[in-house]
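Listed below are the structures to be examined.
Both of the next two complexes hold chain A, though its partner changes from chain B to chain C.
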Partner chain A sequence: MKIIRKTSPYLRRPNANATRMMRDVTVALLPVIGLAIYKYQMAAVMIIGVSILGMMATEYIFYQVQDMLNGDKFKLKNKNYSLYNFSTITSALIYSLTLPDGTPWFVVLVGAIAGMFFGKLIFGGLGQNIFNPAAVGRAFIVVAYGTFMTFSVDTVAGSTALGVLNDNPFSADLLSNFALIDLFTGIGIPGSIGEISAIAILIGGLYLTFRTSFEVRIPLTYILTVFGLATVVAIYKDLGIWYPVFHVLSGGLLFGAVFMATDPVTSPITKPSRIYFGFALGVLTFFIRVFGGLPEGVLFSILIMNMFVPTFDYFKWSNSRFTKKSMFIFTIIILLTILLTLVGVYYVG
Partner chain B sequence: MDFASLGAAIIFAMLINNVILMQFLGICPFLGVSKRTSSAIGMSGAVLFVMVIASMAAYLIYYYILVPYNIEYLQIIVFILVIASLVQLVEMVLKKFSKPLYKSLGIYLPLITTNCAILGVAQGNIISDFPSTMSVGAGFVLASVTALGTGLGFGLIMFAFSSIREKLESSNVPESWKGVPISLVVAGLMSIAFIGLVGIV
Partner chain C sequence: MIKKSRFVSDYKKLTMTLPTLRYVDPERVYIHLQNARCKTYTLDVKEGDKVLLGEVIGVRHGGFFEQPIHATVSGTVEGVEKKFHRTGRKTDVVVIRNDYQEKYHSSVVDRPDSVIEKLTQDDFVEIVKDRSLVGLGGSGFPTYVKLATKEKIDTIVINAVECEPYLTSDYRLILEHPQRVITGLKYMMQALGVKKGVIAIKAKYKPLYEVLNQVLRRNHELDIEVKRIGNHYPQGWEIEVFKWALGIEIPHGELPMKYGVIGFNVSTTVGVYDAIKHNLPVIKRYFTVTGDAVKFPQNIRVRVGTSVRELIDACDGYVDDVEEGLVVLGGPMMGTSMTSDDVIVSKTTTSVIILKNVDYKEEPCVRCGSCVYSCPVKIQPVQIMNAVKRNDKEVMKGLEAYKCIECGLCAYVCTSKIHVTDYVRKAKKLIG
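Up next is the complex of A and B:
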């Protein structure tokens, strides 16, 4: 007997289904796409177009070949083909918007194919994947073609905001190159094509929140964790309030928190688990940024935590509400994390 | 030698230089015993125990027996002997106290003897550069802490991987990718994800 288990996204309300959710995410991405095209023009159009075409072609060919191997007749339309519920387009848009503007087209194409194939199709299609397809594609090309992914930097700054942060994590010089208002609007700073503007991402996030197509706990906990840890460091190093704000606005944190971490397939099922998930994402991102060798930690922390989602959902401790015991353990973990951060900052200097 | 460097050694061995995903040691139990979460936990416990005791014993034997008699070239044979006798001990204890776990581990329990992760940690403690710069006592503490971190990292990844495999068992994977192939793809993606942690500590 063949059992097909329905995995998340679950049907919670009559009008909440995968198509509506994915269409909402696509709509929420429109301001980000608009700003990316306004700022980078042909480069952004090329990256977005190549990744959409690459992902859709991969999926189309995969299902046609699968049908051929099963001995079915050739049909132009295939019901497995998830173009019709917007999920492929959503993945492709999210993937392309995390890329730097100087990425050559073949790198974009390789990442799109790898992300679609290894991230989603061989797990059985929509709703069955372990890792976020967009994050898989992005990580694949970071590892394989890292040197091709260049930012067209301005001559003033010479590097992206997080590149500067990675070289010298606790310096007040950061503000002289990157004003907070520039990081907020995204005009005039280098960065990945969709991650530069905080305000466009926040508009998308608010839209998703009002349409309830979106698990708001994960991005809130994620951003608050990074903000909190950066505040602890700022108090310890006597840096002022701009430091946590800088951490939240720079890099892909907002984009990753709103659009990548909230993927309903690759996030935990229960509400407390989602809060722990967001917390762990924030801690990993902050540690990779401040202590790690890579400038940006959002992508890898999302991949690492995707890997632990079945662990969060493990039946022995996954609980649909907060208990006294879990609150107690969670508080201790938060305190330990703060302690670990302070010890790390003390030794890094 | 202070607590911070010991903690850093644990975190480094557990997450950043993870034995499975970064050093590619111990792949045999990683793929073999990870079908069920319960047997993965049992296996991780057994590996953790053997790893810590074997690293401590190997470190002491190396510095108090092999070095004074100038027979360091025997280290691999001696270490394997130590590991094999410890595995026998674990096997006897499990057979007496937990028959189901003993059955579910099956052939993989005696195979801990040849688990390269354990020999790798014992060997790595000796060939890495820290013993030459510190006293035997401090090196011993660092070696056992490294073994503890490595064992914990092994257990963490085993547990995560086995819960992923339990989830995959009920998902709609294409016929040709079912079973081991999809597990290998997942392991590769996990390994890519852990590259992000390089450089911390």
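Up next is the complex of A and C:
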């Protein structure tokens, strides 16, 4: 036996690896994918297929070109690429599931390439990216090809549940168009192919929680914050309990909270910071929805908060445990947010 | 996996139930003249001299203390050689050839209980210093310095947690000699004028709890409690033991004595018993030879100064088809990896672990945060790692890298199998 020297520790946790974590997200997406294909059939298959193909090809070509520039020998299959550890396929699936079913294939492809390239590769690949690649791709096509992204109902974008909400945020007629049970199951309402069904997303979220493959604190605080702020508005406007539930179930909130905001690479690293992060996401999403000009706030709030992740993790204040001081400041911020919401609602009418 | 995980698979089953073998008569013993704390020495014997068991053959000079060196066999001195110490450095050793006579030096005489009852703290300190007892759990800190404390101590805590995976030497020691542990603790309580003693063991070690309580029932005048504390790692870290056994939290950089508690390792306690009762220096100790690359893992009672190679042979050697292996002295989480198996068992060596070499494939950090969640000193290993990569000393200091106890948990839990501990260690060195 040859004796070699290493540094301690010599043991590693047996079943921990990054591939398992990424694969779990893919598995958790299966119910959502299944429902999307059941409901939109070929359109969903096309969108999912094109975006997987686009993202994987982009990454593969990028690394092959990089290797070529470094003068390495060409290898058809290089096991060192992060391509093989499910991170790319996860991004591609998440990206495709946020798209409306009427999106043409070339728009899907452009978004996939842009998301992969500008969202991930340009920063240095897996683990280095600032923004969620799926969110970058989606934002890219929202800006560039907004009019192409149509839903299969006869109207243009904006007729989803949240579109109605955006036109008239505090109207009680919201329910006349969309029943809460439909929003929950996702049957019979328009929306992005993966975001419509709350139940499928929750099944995926539960699976991830059970496998500890994501940080459950982020979606929990995110959803609770939106729910809480909507409750405040509901009480103020005398709207009833359906209003916060409507907010939580409609749009991409559940999908974004469970699958996009929890990407560990683009979220803060300590427990308290993750809670603050979820809270900030909730506040931004709610404000964009109610006061902003866009029908949907999830995507942009995630991108905006991704930018602030290094701020959450700045060594001067990041702490791996809650302290009395941080709890105090957090409470004050929560109270201020509620106040701000009420002031806003008062002026919006 | 994003979770706090402080349970390390412990592999103790390999040796836990095995009775201790005896390997107390090696042909030669090698006694270290230097160690991690003492760089210089004077040797009073020369080649050809006859020495007796327990005889003082020289003195190690440390920074603020001196340690007498005792012969651990009776026999003939064969000169000075260089051998590996458990810290991984080559040090001078004196070689003594065993004459198998077991002749004790005249200083090694039993003390009657009536004499022991009258000893004062200063007497205890003098005996322990003279017998050169040090922290046998691996710290190597001179025990007399601790015993000589002038602070008011309320509780003595015996650390018998042994949280490192694989190690079972302390476990077997308590199981086989609970009386010595209790008596050693009794002596220390007498020395420090302490009324209360606590023996901290792992919650899952039910047999230890039972044997210790059985002995305590016979000594009911003593206020000693056996506490079963958590099973997690690093439960055996002194600060963690105090926190779980007594509920006292000691901030970083402060001495536990200030808070009225003092901790001793269980082997040290037995060392105190030997020193006080039999006036014996540490000549034998419990030692575990284990790991997945050794044929028959064993607990062995060995003489201090035995070559580890002999002990591995006594366990029938290495597993045949292993190409590369690690020889680790100490536990697999914090121990030192050796370049050779030609190491000598010193007083403070608890075990040797022979592991098959596994080269873990490092993946990029996905910032899952498991290391931050699991860190026992509540620092952020991954952030320190990033600071080391860009050589930002201000951030390393700001993230309190100096608090790290190098328990190795961050590398153990890492989802991407990155050697995070190494980076934190580097940070500690960089910020001095």
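Keep this in mind: the second predicted complex is superposed on the first by the 328 of 349 C-alpha atoms of A that agree within 3 Å, B and C clash if a C-alpha of one lies under 4 Å from a C-alpha of the other, contacts with A are read in each partner's own complex, and residues count from 1 in each chain.
Going forward, a contact is a pair of C-beta atoms (placed from the backbone, for glycine too) under 8 Å apart; a residue touches a chain by one contact, two chains touch by 3 or more.
All of these numbers come straight from a predicted model, not from anything done at the bench.
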item	value
Chain B versus chain C as contact partner of A:F308, first or second or both or neither	first
Touching partner for A:T270 - first (chain B), second (chain C), both, neither	second
First (chain B), second (chain C), both or neither touched by A:R20	second
Chain B versus chain C as contact partner of A:V343, first or second or both or neither	first
Contacts of A:K73 with chain B and chain C, given as first, second, both or neither	neither
Partner chain(s) touched by A:G125 [first = chain B, second = chain C, both, neither]	both
Which superposed partner A:V136 touches (first chain B, second chain C, both, neither)	first
Partner chain in contact with A:K324 - chain B first, chain C second, else both or neither	neither
Chain C-contacting residues of chain A that also contact chain B	3-5, 7, 125, 128, 313
Interfacial residue positions of chain A with respect to chain C in the complex	1-21, 82, 85, 87, 125-128, 211-215, 264-265, 267, 269-271, 274, 313, 315-316, 318, 320-321
Contact footprint of chain A on chain B as seen in their complex	4, 7-8, 37, 159-160, 163-164, 166-168, 170-174, 177, 182, 185-186, 189-190, 192-201
In the complex, chain A residues that touch chain B	3-5, 7, 66, 118-119, 121-125, 128, 130-131, 136, 139-140, 143, 287-288, 291-294, 297, 299-301, 303-304, 306-308, 310-311, 313-314, 340, 343, 347
Residue ranges of chain C in contact with chain A within the complex	1-3, 5, 8-9, 165, 293, 318-319, 322-328, 332-341, 353, 355, 357-358, 360, 363-370, 372-373, 375, 378-380, 382-383, 387, 395, 398-399, 406, 408-409, 411-417, 419, 421-422, 425
